[in-house]
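Each in structure tokens, the structures are laid out below.
Below, chain A partners chain B and then partners chain C, in two separate complexes.
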Partner chain A sequence: MFGSIIVSGLAMGAIYALIGITYNTMFATSRVMSFTAGQLGMLGGVLGSLFILKLGLPPWLGFIATLAGCAVMGVVTELVAVRPVLKSLDQHLYVLSTLALALMVQQVTAIGWGTEPQPFPRLFGLGSGITDEKFWLPVIACALVVLGLEYLYRRTLVGMAFLAVAEDNFAARALGLPERRLRVWSYVLAAVIGGIAGFASGQLMLAFFANGTLLNFYGFVPVALGGLGNNRGALVGGLALGLFQQAANFTVGGVFASIAVFVLFIVVLLAVPQGLFGSSTARRV
Partner chain B sequence: MAAGATGVTGVTGWVGGTRSWHAAWPFLAIFALAALLPISGNTYWTVIATRAAIYWILVSGLNLVVGFAGQLAIGYVALLTLGAYITSVLAAGNVLPALPPFVALACAGVGGGVFGLIVGLPALRLRTFYFAMATLGFATIVTQIALAWQDVTGGGIGLTGPALPAPFDSEMGLYYLCLAIAGVCTLLTSNVARSRYGRGLIAVRDAEVAAEASGISKVRLLSLIFVFAGVLAAVAGGLFASLQTYITPDAFTFDLSVLFFISILIGGRGSILGPLLGTLILTVLPEIAAPLAAWSNFLYALMLLVIVLVAPGGIAALLDFRNRRPLPANRAIVPNPTLLGQLLTAAPARGGIVLENIVLSFGGVRAIDGLSLSIAPGQVHGLIGPNGSGKTTTLNVISGYCTPEAGSLALDGAPLAPGKPLQRAPRGIARTYQTPRIIGEASVLQNVMIGGTLQGHASFIETLLRLPRHGREESALHDSARTALQVVGLGSVADARADRLQHSELRFLEIARALMLRPAFLLLDEPAAGLAAEEIRRLGDLIRHISRQGTGVLLVEHHADLIFDICDHVTVLNLGRVLADGTPAQVREHKEVVSAYLGG
Partner chain C sequence: MPLSRRNFVLGTTSILGASAIGAPRFARAASEPLRIGWLAALTGPSSAPGVGFDRGVKFAAETLNAAGGVKGRKIEIITRDTQGDPTKAVNATQEMINSIKVDAIWGPTNSGESLAVTPIMARARMPNIHPCVIDSLIDPKKFPNAFRIAPSNEQWDDATREYCLKVLKVKKIAVIGDTTGYGVSALKASVANFKRDGAEVVYSNNIDATQPDMTPDMTRARNAGAEVIVIWSVSTGMEARLFNARGEMGWDVNFAGHPSMASGEIRGLLTKPQNWDKVYAVGYRSCSYDASGKLPARSQEFVDKVQGKVNLDDTLFWWVTAGYDAVQMVAKAVQESGASSKEIIAYWNTLNPYPGYFGDYKYSPEQHNGYPTSDVVMSAANSAKHGTFALAPGYA
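Right after this comes the complex of A and B.
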């Protein structure tokens, strides 16, 4: 049982961390928390199953097509639900606009794809039992994404430009950075990360329209734990959440695992509102 | 029945017979039509209308949370589920001996209140997205529990809903029961909306800092509302179970949450009529257009997006005809300080505000560096200095927004708790802001009444039921708010939406709000910024008169002329320290001040 807890805990934790990073990537350039983060994870699974199982594309091509589909969704999110409400960020209209878009995505999926969970193809056919690929694919995907982001932010010009916009939007614009275009690209990047999370976890979570809402919540918990915009916090928080949830799942049963996660979420929010690794809030007056 | 609010600012319609009637007739019409519906003899529509009434019972409470307090509670179906299961389980006697259905319904109400508060807890410390997520998470786990706790809930198979006793066991009987409860809920929520509680909620939503400075406790207010909304939601759940006759977790999809939430936003924030219409429209729409039923959620979401992007005011803004009439152009602000005597009736403070050796740094910068200052009652005390000299920071230390690292702070000999903005209003300290903090969507009068919140003593229950003490306090508050507006010269625009005023008028509005506290000390942060010369002169005159009533005024200003004209005492700050201190004449002579600041 211990092995199962570790293996499934790390797998689920990696998925939650990736969705958390999706939230953070969108937040960094726009100060917007978007409800589409979880839906992107759902789309990764559904599109992957659609392209590979239904349309018979080879897995690598299906993967690329899935990410392209998610990227389009990222651009749509920025154009439709984020850009129009950025002017009045303090009114938090983005919560509503991104929620509306997320619900529309979910409803279209439910009608077009069906409301039953559908199988996701085996990609490599490796491993069985607790060494099955469905458990380690999300972990590897998460590791690659984290390393890739580190490389992007530290070594590339465009990554540094992202950081500049995230650090101080106005200063970045004053330096001549194309803030708008960078924001669109960061939404594409976030969407691709969400898509990777969904694709890598397809065998574990299946291609199911309701995964979006689930991932929205469980992917947000690491963000709340780790602090808004803090990717390392999201990684640690996500893995901790996955292990905690699966440990509770195997020992006291699924219902109590959900309750435990919810209680943990509320308690952490009340005790450390800025997250365990976050920074303090801004001046009010 | 004097129910309701039309339009975003309609909450003003609480006094005076005709206006109250004017606000009530749409509600009367809706409920009268609803009562006549069963005459058509169509049972199908009676069931739909019962459902709409049940939804409205929940939405009317949720409206205070979402529409008034601005808290994005997107998972309220969880409380409906909870209420439905508590009522059904207790009435069926699965765990305890079976209870009569109405007792079970009452128990559900209690449970709903408790869980409404628990789910609301994150909102007390964090805003928007976190709270939205907490309610979403709660909605997810309640369904999971209902599925898994088979001994009690029957799991996926479900259990029978409570069978209400006669005459409520027929479709018609249940309909009239739900309609009556919906009517009562409309009254209760509009009573709250048109009270200091309702105004406080809107203030917390749109001008949290000003609400705090007026002594409105966000934690207390939101807790009350969360409990109230939870009770209504759970009662709606019990009735829902009764209507369904058999409940399974599938009956409580997240789509219902979306319906409740979007009804309110389509209806418009801060209104009661709007969300009522929204609930009716969203409940009935899929029934009229059957082919749309599958796409109904998509349409709801699309409506939400359109509302947010195109018409953030919702239906209520469309119905708000009063605020389309143009305000008089070329209106001048002519204060009438002679009325101050009626307003500032509290006994003036005997002692002053004393700051001693206050130190405060932001990062490596010492914004205040060992500042000592005393402000006497009944005087105008000017605080001037170059940008970054610590003027506003000093104000923020006094009002409790900034916590100093060292030093002490006292009023009238008793210490003022540092960093506790909520405790300033009860001690008689009022203030205004560099950028006016007002509720744009509320009327000017309501904005001013916010300042007098502390004068209300009627409890939440008294307010809910409109007991006499509540009525007396409201009309007294209303009268003094009108007086305050006349004092500052805004009497003619009292009923306009505050966001239609000009910038200079907002500055005077903030002063009127501060005066409502009957303050012992009034802190003004650059009140003359953006004012025309004539307005500055009138402002100075008003400030003089306020101080002659015994109120101490601390005036932070850049207009040196105004300072030297009206101040009894002037302190000049530089780099967080006192550079000079004395009467205007002494300060004007001070060499360093002249060279560093006044020039020439």
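Right after this comes the complex of A and C.
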């Protein structure tokens, strides 16, 4: 039982962490919490199954096509749901616009793909039981994404430009950085991360239109736990959430497991409102 | 009032006048087609049953019209695609009652829609047949116009419980439902009924259907000593994960319960085909073939009748036959009694039984659940053949 809790808890935790990072990446350049993050994860699974199982593409090509499809969705999100409401961020209209887009994506998927879960292909055919690839693929994907993002933000000019826009977009614009283009690219990057989460977890979560809502919900928890905009916090928060959730499934089970997860979530937020790794910022009054 | 010559003249003139006004309407009604409203979820989520029912509906209308219709009136099916949406079902029902003025309505075919439209049809006294399973949809006092052509959820539960206790002869039961309203209420009823019949419910739980790994719940059920696992959920993903978890645990416990466990979609979600063995889903005697592969005679007659005209390969046999029977029942009521709502409802109340292809339906003014419980049986979930299934082991 202990092995199952660790293995499947880490796998689910890695998926939640990746969706949390998707939220953060979109938030960094736009100050918008885009509720399309979970739907990007769902699309990763559905498009992967579509390209590989239905259209017969080889897995590597299916993977690239899936990420390309998610990237397009990222651009659409920025153009349709984010850009029009940026001027009035204080009114939080983005909650409505991104939720509306997320619902549209979900409904279109339900109509076009179906409301029943569809199979996702085995990618490498490795392992069985608790060593099955469906458990360790999300963990490896999460590790690679985190390392890749660290490299991007610390070692590349583009990454530093992202950070500059995230830090102070007015100052970044004054320095001549193409803020709007960088924002679009950050949405593309976020969408690719969401797509990787969905693709890597396809065997575990199946290609299912309703996964978007689940990922939106549970992917938001590590963001809140770890601190908004903090990828390391999202990683730790996601893994902790996955492990705790799976332990609760084994010990109390069913709906009580969800209750246990959210009781803990509320307790943590009451104790540390800015998140475990977030820092409180002063507000000019 | 004394009968004077003036009163007599006034009265007879009034009667003659009223008859004259009503006569053209009566003549028009006799030449008008017999309109049957069909509330069908043909597109969007949950459209598979609607598509299957629709094939039976169209075939019945074509057959009746080819034979000259009913009392010289052609059958006209007024189909509205509700997409499984209760709001669209309500709008379509209002249109059928108020604008099109249909003679009877068949459908809707899912309980969510039916909960929304049943009171509307009851207020309009519109004869209605539907196949929705929620028990509260049938109440001859509140909804004297509504008749069920398929089993209720209670009948599914009875068949499953009887199979577990009398055929499998097990006493320690695990009951699992999903977290939808249906899953919660079905689990509660099932647990209560098992306990009432002397079984020991060693484990029961509602699981989120999107939970990716079912090993925790299966482990808890095994540790509790379960000898059969009863499932109440429409989620094929959840069911396939439960079967896969059983396979990975090397546990050979039986599954029994909801018909969706026999859905073809499960095949693609299994890690091994044998994970679907020893899974018994609710089925129907008319749609089950025996050990020699033979269907009951009347069902075979239907298969022969629709050969080359209706595709049975990608749907369920009972959807097609129930759609066919529903249209035939409306036609039969008009043929035998009359076309008014009152006459159709009164006729259905006398059916004892109506020999349909899906089953022998029995109705009375007090009982509008027409499907015979004895015809609700368990099927081997992985044995689908042209929409029919093999009887589960243990049936004669």
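In this text, the second predicted complex is superposed on the first by the 282 of 285 C-alpha atoms of A that agree within 3 Å, B and C clash if a C-alpha of one lies under 4 Å from a C-alpha of the other, contacts with A are read in each partner's own complex, and residues count from 1 in each chain.
One rule holds for everything that comes next: contacts are C-beta pairs under 8 Å (C-beta built on N, C-alpha and C of every residue); 3 or more make two chains touch, one makes a residue touch a chain.
Source: prediction; values computed, not measured.
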Joint occupancy of chain A by chain B and chain C, clash or fit: clash
Of chain B and chain C, the chain that contacts the larger number of chain A residues: B
First, second, both or neither for A:L214, with chain B first and chain C second: both
First (chain B), second (chain C), both or neither touched by A:H92: first
Which superposed partner A:F265 touches (first chain B, second chain C, both, neither): first
Chain B versus chain C as contact partner of A:I111, first or second or both or neither: both
Touched partner set for A:V255, first chain B, second chain C, both or neither: both
Which superposed partner A:S4 touches (first chain B, second chain C, both, neither): second
Touching partner for A:G129 - first (chain B), second (chain C), both, neither: second
Overlap of chain C and chain B interfaces on chain A (superposed complexes): 111, 214, 253-255, 258
Chain A-facing residues of chain B, complex: 72, 74, 118, 121-122, 125-130, 132-134, 136-138, 140-141, 144-145, 148-149, 208-209, 254, 258, 265, 294-295, 297-298, 300-302, 304-305, 308-309, 312, 392, 396, 399, 401-402, 433
Residues of chain A defined as touching chain B within the complex: 33, 80-81, 84-85, 92-93, 95-97, 99-101, 103-104, 107-108, 111, 213-214, 216-217, 220-221, 224, 253-255, 258-259, 261-262, 265-266, 269-270, 273, 284-285
Of all residues in chain A, those that touch chain C in their complex: 1, 4, 8, 12, 110-111, 114-119, 128-129, 201, 204-206, 208, 210-211, 214, 246, 249-250, 253-255, 258
Sites on chain C touched by chain A in the complex: 43-46, 179, 205-208, 210-213, 215-217, 219-220, 235-237, 240, 248, 263, 265, 268-269
